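Quick one: the structure is below, and I'll ask about it shortly.
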Amino acid sequence: MLEITQLTKAFGPNKAVDNITLSVPQGQMVGVIGRSGAGKSTLLRMVNRLAEPTDGKILFGGREVTALRGRALYAWRAECAMVFQQFNLVGRMSVINNVLMGRIFHHGFATAMLQIFGPEERALAIRALDRLGMAHTALQRAETLSGGQMQRVAIARALVQQPKLMLADEPIASLDPLNAKVVMDALRTINREDGITVLANLHTLDTARTYCDRIVGLMEGRVVFDGTPDQLTDRQAREIYGAEADDAFSEGVTSTSLRPAQPVRALEGAE
Amino acid sequence: MAQSSIATTGFVIPPGQDPVSVFEKHRAELLRSRLVMNITLIVLFLALLIVSVIISRFYPERLWNGLPRIFEYFGTVMPSLEADKLFEGRAENGKAVPGSLLFWYSDIGKYVRLLFETILMAITATMLGVALAFVLSFPAARNLALTRWSNILARRTAEVFRGVPEIVIALVLVFAVGIGPLAGVIAIAIHTAGALGKLFSEVNENASMRPVEGVRSVGGNWFAEMRFGVVPQVLPNFVSYALLRFEINVRASSIVGFVGAGGIGQELNHTISFYNDDRVMAVLILIVLLVTTIDLISERVRTRLIGRENLI
Amino acid sequence: MSDATLQHPRPMQVTASDIADLRQRFPDAFGNRRRQATSALLWTVAIGYLLWSLWYFEFDKLFNFNERATRMFSEFFIWGDMSGWDYVGIYQGLAETIAMAFLGTLLGSIAALLIAFFAARNTMPQPIIRHGVRRFLDLLRGIDSLIWALVFVRAVGLGPLAGVLSIFVSDAGTLSKLYSEAIENVDRKQIEGVRASGASPAKSIRFGYLPQIAPVFISLSLYSFESSVRSATILGIVGAGGIGKVLVDRFRAGFFDQVAFVVINILICVFVLDWLSGKVRAHFIGEKPH
């Protein structure tokens, strides 16, 4: 259970996130929507503690995330995986070593620096890659992959963290529609099969409607909608997106012919 | 040409004025300000020239008297080789024949040992310096330093190490640890750490922060962020800078001997100061050969390394 | 809310049989033995060499330095009475250093202006002469200015004249090469443009070549001046005048606090001159050729 209470992040006089209170039960898939600059990214980055909140609290399973320091903080980040818009992989390292980065917290200084990973960890990494249909690229350098492939590697990295919570910051904003679908399906499958809570920032409304159990709409750092996709009316959505509405309604995974939630394995030949 | 370049620098014609006269006025202003700056620079230049000539007593007649002596000196240090005796070995009494190569390079054993020492000094100093520069370069990069203080400390350290010439450090160290190559090695290593520390930190500052954030997001500490987020990106640049520095260090280790810090320089200083014969030229030629050979090899290695960097 | 919520997380796990299976399917992903061995060997050789060479250079000497050395290092930081120091001598030395660097670079630039045209491909089509000139320049650059200083001190005697000459020689070598590269990079189209408008050869040099190469030459010479100041500070160590002479004299006499003072002054002087030269360079580079 993730509990966010009165969370605020201010940059000078501007409040990127303004007094947000939100509670997410374990295993839910939540889509956070809003126009650019609505505070979606900042919210997610504060949950992972990549950004420090100005005020408020984040609790996970009763533990106060916002008070963690030092090794406890690293432990939290290892438990709370994050997937980025730009993948944030180490381009000049092999795919398998990128995925194994997800185990780095569990290593001491020497074995981490020398990249000494055990066979269980390597097997876990390959299985994670296999689930995303990327095992055949394991020994390639990450920078040789396409954007969609990189994002799948990034999700595999998140999987080997054995997380309880997965944050996805605009995971499909840099991808073409087909790859966007593969990535969203993967997140949905992970959510369903592994019972991992997924909190995803999504720019396009239809993606959120199609994949998420619950939608949270942000406007100027505040929650203006919180409910199931069915409860979100067109009028409310237009209000959330404002001038960007046309963009958000037409872009990305919008085609109704693309149905979600098939197991990812079936999509192996998608590339 | 002049017209178009003025137009691109935001030349606006106020309404109601004749464009030609406005242009001429603008052009005149531009020329005048350039002229003032140029005259100032020329006056400064001439003043500096006159002062310099006086301070260094660089008068034409001194130069005039000096020039023949330069040629005279180079004449005395030239070897007197004779074509028919060039490859002759030792005579019966065990002495080399004057005019033969053997006579010219009769100390070749000592030279080879010193050349070997010079190369070893350069390699060891480069390794130590690179290691120290590597350590300094992360806190010295503004985007990577953990705290402002560690950043300032690392930067200042690199600046001081780089600012003091290696031969001055060598002079001091010879006094502290005695005559011999150790002083030279440490002096060159310190200077290398400073020079490369600055270059490395600039490379680090240009590294993409995305992989760093990726490593942070999985629970890696600062060392993991540097090792996996930064090092893979910057390593090829580091290697190529280190090789360039090695070339420079070979030159440096051939001169630190002037203050007693080991290497072939010690022998050069000795021969120049005490003998007035072809031995000076013998050592000089060896130094030039050493430096050019190392440059060539290092250049080969650098071009080969580009493209295949599985050193990570 | 769908049925998937309120579950306990079941993160991915692997069993021993999974490991065996995957190891068979992806053997290389479990570590490439040969690559590991190569990298281990490389590291062993490097560290082994380093340890051996430190032993060879008698590294232990570093840990038993004597009282004199301790006194020296402490005096670097704790200065004695500063009133009796020979400031005139120190600043005269600094001025002499700058003068040496200035004259050496100036003469080197003038020489390079002549030599460069013999080393550039587009102005010297005869390859034998061009290569001969280039090898000669390599020779000039290959010998450090401190070695030149040592030779010139022997030839023309102690003093700044030897310093000026040594900077002149090494700068002439460096600048000729750089100038010739600048000449080779001249844009032919601009010169043809000038010629096409009816310019005589003299005019085409004035309006075609000069505007292109003059700022580059000036900027290269300024860089060269900066580096010459650095080398000029140490030429005095072999007797070629300048602050290096002051430094060595103070050092030999055991005035270590003054040595530290001189070094600090050198650092400040180099820093200020770099800054000034940067300003002048900006003036010439910023001034676009018309």
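General observations
Labels A, B and C are assigned to the chains in the order they are written; within every chain, residues are numbered from 1.
Keep in mind that, in the parts below, a residue touches a chain if its C-beta (ideal position, glycine included) is under 8 Å from a C-beta of that chain, and two chains touch if they have at least 3 such contacts.
Computed from a prediction, not measured in an experiment: that's the story for all the values here.
Taken as a contact graph, with one node per protein chain and an edge wherever two chains touch, the assembly is complete, since every chain touches every other chain. When the C-beta pairs in contact are tallied for B-C and for A-B, the bigger tally goes to B-C. If each chain is reduced to the centroid of its CA atoms, subunit A and subunit B end up 49 Å from each other.
Averaged C-alpha coordinates give centres for subunit B and subunit C that are 4 Å from one another.
The part of subunit B that touches subunit A in the complex is made up of residues 210-211, 213-221, 223-224, 227-229, 232-233, 235, 309, 312. Within the complex, the subunit B residues that touch subunit C are 1-2, 5, 34, 37, 41, 48-49, 51-53, 55-58, 62-63, 66, 69-70, 72-74, 120-121, 123-124, 127-128, 160, 163-165, 167-168, 171-172, 175-178, 180-182, 185-186, 251, 254-255, 258-259, 262, 265, 268-269, 272-273, 280, 284, 287-288, 291-292, 310-311.
Across the interface of their complex, subunit A is touched by residues 1-2, 4-14, 18-19, 22-23, 25-26, 28-31 of subunit C.
On subunit A, the positions that touch subunit B within their shared complex are 48, 50, 74-79, 81-82, 84, 86-93, 101-102, 104-105, 109, 112-113, 154, 157-158, 161. Considering their complex, residues 25-29, 96, 119-120, 122-128, 131, 135, 138-139, 159-160, 162-164, 191-197, 213-214, 228 of subunit A touch subunit C.
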